[in-house]
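Here the structure comes first, spelled out in structure tokens, and everything after it is commentary.
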Amino acid sequence: MAEASQQTDIRREFQRIRSCTEQITEGLSAEDMVVQSMPDASPTKWHLAHTSWFFEEFLLSRFIPQYQAFDSQFRFLFNSYYEAVGQRHQRPLRGMLTRPALDTVLAYRNHVTGHLTQALETGLAEDPQFLALVELGCHHEMQHQELLLTDILSVLSVHPFHPAMKVSAQKNLAGVNQIVSTGSASRWQHFEAQTIHVGADPDHFHYDCESPRHPHLLPAFALATHPVTNGQWLEFMADGGYDKATLWLSDGWAMCQQQQWHAPLYWQCIDGLWFQFGLDGIQPVDPDAPVCHISYFEADAYASWAGARLAREQEWERAAQSHPPRGNFLERYQWRPRAGPTSSADTAQQMYGDVWEWTQSPYTAYPGFKIAEGAIGEYNGKFMCGQFVLRGGSCVTPVKQIRPSYRNFFYPHQRWQFSGMRLAKDV
Amino acid sequence: MAEASQQTDIRREFQRIRSCTEQITEGLSAEDMVVQSMPDASPTKWHLAHTSWFFEEFLLSRFIPQYQAFDSQFRFLFNSYYEAVGQRHQRPLRGMLTRPALDTVLAYRNHVTGHLTQALETGLAEDPQFLALVELGCHHEMQHQELLLTDILSVLSVHPFHPAMKVSAQKNLAGVNQIVSTGSASRWQHFEAQTIHVGADPDHFHYDCESPRHPHLLPAFALATHPVTNGQWLEFMADGGYDKATLWLSDGWAMCQQQQWHAPLYWQCIDGLWFQFGLDGIQPVDPDAPVCHISYFEADAYASWAGARLAREQEWERAAQSHPPRGNFLERYQWRPRAGPTSSADTAQQMYGDVWEWTQSPYTAYPGFKIAEGAIGEYNGKFMCGQFVLRGGSCVTPVKQIRPSYRNFFYPHQRWQFSGMRLAKDV
Amino acid sequence: MAEASQQTDIRREFQRIRSCTEQITEGLSAEDMVVQSMPDASPTKWHLAHTSWFFEEFLLSRFIPQYQAFDSQFRFLFNSYYEAVGQRHQRPLRGMLTRPALDTVLAYRNHVTGHLTQALETGLAEDPQFLALVELGCHHEMQHQELLLTDILSVLSVHPFHPAMKVSAQKNLAGVNQIVSTGSASRWQHFEAQTIHVGADPDHFHYDCESPRHPHLLPAFALATHPVTNGQWLEFMADGGYDKATLWLSDGWAMCQQQQWHAPLYWQCIDGLWFQFGLDGIQPVDPDAPVCHISYFEADAYASWAGARLAREQEWERAAQSHPPRGNFLERYQWRPRAGPTSSADTAQQMYGDVWEWTQSPYTAYPGFKIAEGAIGEYNGKFMCGQFVLRGGSCVTPVKQIRPSYRNFFYPHQRWQFSGMRLAKDV
Amino acid sequence: MAEASQQTDIRREFQRIRSCTEQITEGLSAEDMVVQSMPDASPTKWHLAHTSWFFEEFLLSRFIPQYQAFDSQFRFLFNSYYEAVGQRHQRPLRGMLTRPALDTVLAYRNHVTGHLTQALETGLAEDPQFLALVELGCHHEMQHQELLLTDILSVLSVHPFHPAMKVSAQKNLAGVNQIVSTGSASRWQHFEAQTIHVGADPDHFHYDCESPRHPHLLPAFALATHPVTNGQWLEFMADGGYDKATLWLSDGWAMCQQQQWHAPLYWQCIDGLWFQFGLDGIQPVDPDAPVCHISYFEADAYASWAGARLAREQEWERAAQSHPPRGNFLERYQWRPRAGPTSSADTAQQMYGDVWEWTQSPYTAYPGFKIAEGAIGEYNGKFMCGQFVLRGGSCVTPVKQIRPSYRNFFYPHQRWQFSGMRLAKDV
């Protein structure tokens, strides 16, 4: 009984995740879904197909002998980066995929969802290897739900008129006043030196890069109770933060000048007031909401300016371990970071949701890390170079994707993710 | 009576051209129409809108006081390059225009067509300035019919599986044999030295760059009776034409090496046989059809190899003056250059249609050329630098667009146009 | 006797030109002579060696059986662009040639000069083919004298402190006042329509691109009596000439914005006064001197602004035919364009020397032009694409290089040459 | 007495280091010393001047009130990257510095050496802050001795004929045979898990990035007794190491394909035999010598291929702590990595000298790291992004520069340093 019910759970969860992906694209046209704004981002249609390809390639084709691929060309078109799977279409050209049409891709999704649902009603539902890959595919699809929203924001942002994806009570920009901060200031939460355990609970789902769980000697430190807010960022800007070379990493300063950064991505100044474009259109910057769409370089410069530093990922993980992963995630349908609740407690707030928090930790292998055999081994390990870890999830992250040990990673110049920051310091 | 009938003619011609534009996009999806393959090319949807904008901007808005623009933002979005009209969207970002949706653009077309049709039923139909601009707008739209087909071919070509736009009796590539030439060889038609008149008949429609008609002292020369064929091009390739620096212009050789040219654009070698991708898909190269999609650089190298040269535009015009503009144009719906009729006459064949013929004449002002006042003055004059003249029209050119004096122009490295060549020599 | 004397003349002329090249580099260090400022320009040392290589490759090695090359590697290092001669060192890497040392290059020069002088004392001095090539080599070396000075100016200009090459009465920039114009205004010289002969006198030395001499039907036109001056250019600048898109060619405007042009090359504004860097250092802009170091794009925009146009090369040649080539050439050691003499005559002044004058004529083959066989055939023909003709020579051109039919040519964006302009108009 | 002697020691050490810099440039011409091969590398002349500027800027100008700068413009020209010192010349344009001439730079060196020597005979010799900066300046100059040799190798390598800097018994390449390996194979030295102390002894000179010394929890591991040799690298190449995407980091594979890497930098295959260009010219690859001039990307791919990994910097430091820093350093004047002594001991060999060893540790701040105030604070901290740590010094590193805690750092794609690798593994 228990097993049957567990299988039902997996099947339902799989179906829920698949349908969630389709749901969040409602309101987008086929035209919206085909365009690629930049090489880093992928078209919506590609995300819809690639997540299906993942199940087809690693599950249906490998475990079901008589399975017929929906379209044999999709193996080439929708492989993201798995060298072991074979040749694939180049990432920067994903926006050239006028074909297959959106309808065909939706049919592909149904085909894959249907066959996998059937498979979960057979003996495969008791094959732990199969189930582990279903679970991986589900988490993979949740990751792409976030990327899809992040990438469609990029597409809409390069349109000269900045259309909104999501209906919202969009203000008449002309008559708006800058919102006044009502929030309480960030304080410091102190942590004693301690040897902690870092990395994922081996009994629950996690990615290979979160393991092995291992001891780590952590000196004393303090962590800000709140993420850095837009209001604080406006102070940094007003104080010339984007003009003082000595605040910046060397590479960061070069990038800042080359790209002419003066504010976070998607910010624009209209008649002296600051606005931030988001999935709900152009909205006034809320001074109490966490700053979002900043690069690691900007986060590091801000920390220098504030006389502090970014947290290390182990510090963040220690502070997060006592908090359940609740917050402003994708399911709240806000899709914009929001001001946290006012609180006078000296404990960390908004560790989860709203914005990913840049840490000062390069994305590297934990001691004892082993790359898995085969194509799945390409999931994480080959990216361990030049990127920094972010923690905590954002307002477009599915809540089930997040846990204290979850490591996201991006290059230090990238800003199109929902990335923010939290200060730390030595004590 | 005569006048009323003339007005009816203009109205009908206008409507015919507008509806032809829509007709040739049949079979394309909204996804096909939004994508931009490269900065030189524009999305289909943009062509559909821009040709409407031209009528709205230069006719409806200027001549009809109470006219309300369909959407005031379109002035920015669909201005191509008219500095005098104001700010405009950047050309390389036209592929980012997810909005307006295709349906809105089609409504825009109807709106403009309707209002202009109405205007042609009012007193404006007797205003020669208005009529002249209607005629210009019609010719402008015909130019964009060709560009639209040229650009959609480019979009389809960057798709890894090369879908066809047009249903055709597509061969099974595996079982095909290279087509054997049946054609007669090209001969030379001789022309005596003579002072000729070059440029457009001032009493008929023409672009400013075709005027003023002026005397030109032309030495004796000979012109090939046929365009260079694919079969001849295969000989050039077989003889190492793409590998011999001394055949090439200096800039041409640099481009040939940098771009690794080995054959015309859209050619591919499959199992030792050559095919050329076109709007009707991948078809075997026909040795008797004119070579197409070559750059000026390639044309010049071929001429060196053949011990001849390209024609000057005046030479071409002299030879063409005695031929009516008939040939394989857009209206034949072939949309691929075809072998000409076998003929033993020593007069030029296929001067019109099939392929534009590169001349060795840089695109410059005729003696006495004056740039028109205002935005229309930007139509041609500002492009008189670095480009070469092509003559005769192609298989995707509307027949009514062409006359002996018509000057097309492109940069010497460009290959995505339906461009071919014809040999000339001094005698 | 006459022949012996002619041979002596050739020998002396050869030696004079060789030693002039060395003379004009006096005052430069080995360090100055090795550096390359940009791919278009070559190091002084390279010019010294390449002009020797030309004599070695095309004369000593081909006509003197027992001749031993000074260093066999130089064939690779100092071939400029002769594909027929074989592999060669890449142009943009000429600044990497730390070896051979300057002393070795000077020894190479002596070696070549010595052997060629000897050869001119043998029977070869009566071989017309040999003599023709000696003459070509001498003219080639004169061209490189100009290029050498042009290129070393570029090297000195990229040094942050702009050192002068040439001792001059350099002003204390702080105390200087802008020079006031004393010159008379330019007027128009009128020319009737006429069939003229264009191209070089076949009995005197000229390059292949100046031939064949041929009739040309020239409509009536007027030519400005003076080149455009710095003072006129300052008016153009003051009137926003660099900011008005509608004045510019399309490619010109793109370049102007990309390169952020606001004034001619080498101009700088110090405390509100304009200066121009030259081989004699930073000097106040003289409003009566011809404007120099402008691109074709700027020249064309200026002409639009002035309601005129650039001359065609045939127009320039017609006006120049009645003037002997006298003026401010290299031999005056000014090496900076100077104000012309005040004159009230309505005939063209300063046609020669001071600045090369951009014409609106693309550099193309004259009717009947034939490319020579072999490597020498690469001298001119392969550059007939994308460049414009300049006429008249500059203040760094050797006087003997110039004749009415001489055609110089550069790309329309290039500014490092001593290039200026003269207005023309239709009448 | 002791103090006087210590001052004498410092003075002598300072003079020794200054004169060593000049000594290692013997044999180079002024031409050799002015050229810049790529933006990453600096001209020899610039190194000679910059190391003097460091003493002038941070010591003479700040501690000696009446000190007159040798040339006030040098502050701009020879500042490397100190934003706090003010404007400076751009790094990629250092090769444009024809002036000051080499002689002037040598005079500048004498001037600075003389004044600092004098200062060390005054009361300043007892000012600990002054002495600390003298020591820093000496270590800084030693770093530049290595960079100078590394960069001149790059300059010589871009010359098409690869001249040697250093007289050596250069083989006649034609008659040479590939050297046969005589060496013993690498073995594993095992280390137990342990909490160690990482970082510099605070009582001796070190850079800020080596501090603070701190405890680090190190799991058990094994380290190869020898660096990877050329012989092993040839096996990797023979096994297709440069062609198998799955061995490489994602960024590494992209770089490998873009740059078309097939062997370490400076390797070339002549008639089937492998040679490596070095300061002593082109020499046959010695299979027993450590592989050199590899990127981090290549090192990581090799480790994957070998079923191992790169060491972490703490692992390397632990293994090195028991070895004195002896080895093939700059002072041996080999300037090429050499085969180590044959040994059957299971302890690490050649930890110092020969080649820098890439570790898998990104260059980051140690826990508790503080950036110094002022310009000196820019020495290291601002580079802590995107680079990897290398340890142990190379055959062009001054021996006094090295200690177990010394952290060198470069970007993962860089190969022009004397960089090699050593394997590690988990146990």
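Labels A, B, C and D are assigned to the chains in the order they are written; within every chain, residues are numbered from 1.
What we mean here is this: a contact is a pair of C-beta atoms (placed from the backbone, for glycine too) under 8 Å apart; a residue touches a chain by one contact, two chains touch by 3 or more.
Worth saying up front: this structure is predicted, and the values here are computed from it rather than measured.
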| item | value |
| --- | --- |
| From chain C, the most remote chain by mean C-alpha position | A |
| Degree value of the rotation bringing chain B onto chain C, based on Cα positions, nearest 5 | 180 |
| Distance from chain C to chain B - Cα centre to Cα centre, in angstrom | 38 |
| Mean-CA-position distance for chain C and chain A (Å) | 59 |
| Separation of chain A from chain B, taking each centre as the mean of its C-alpha atoms, in whole Å | 47 |
| Per-residue multi-chain contacts in chain B, two or more chains | none |
| Residue ranges of chain C in contact with chain B within the complex | 81, 83-84, 195, 214-217, 219, 245-246, 248-253, 296-297, 300, 309, 312, 360-362, 364-365, 367-368, 378, 382-386, 412, 426 |
| Residues of chain B defined as touching chain A within the complex | 29-35, 37, 45, 73, 76-77, 89, 93, 95-99, 101-102, 155-156, 158-161, 163 |
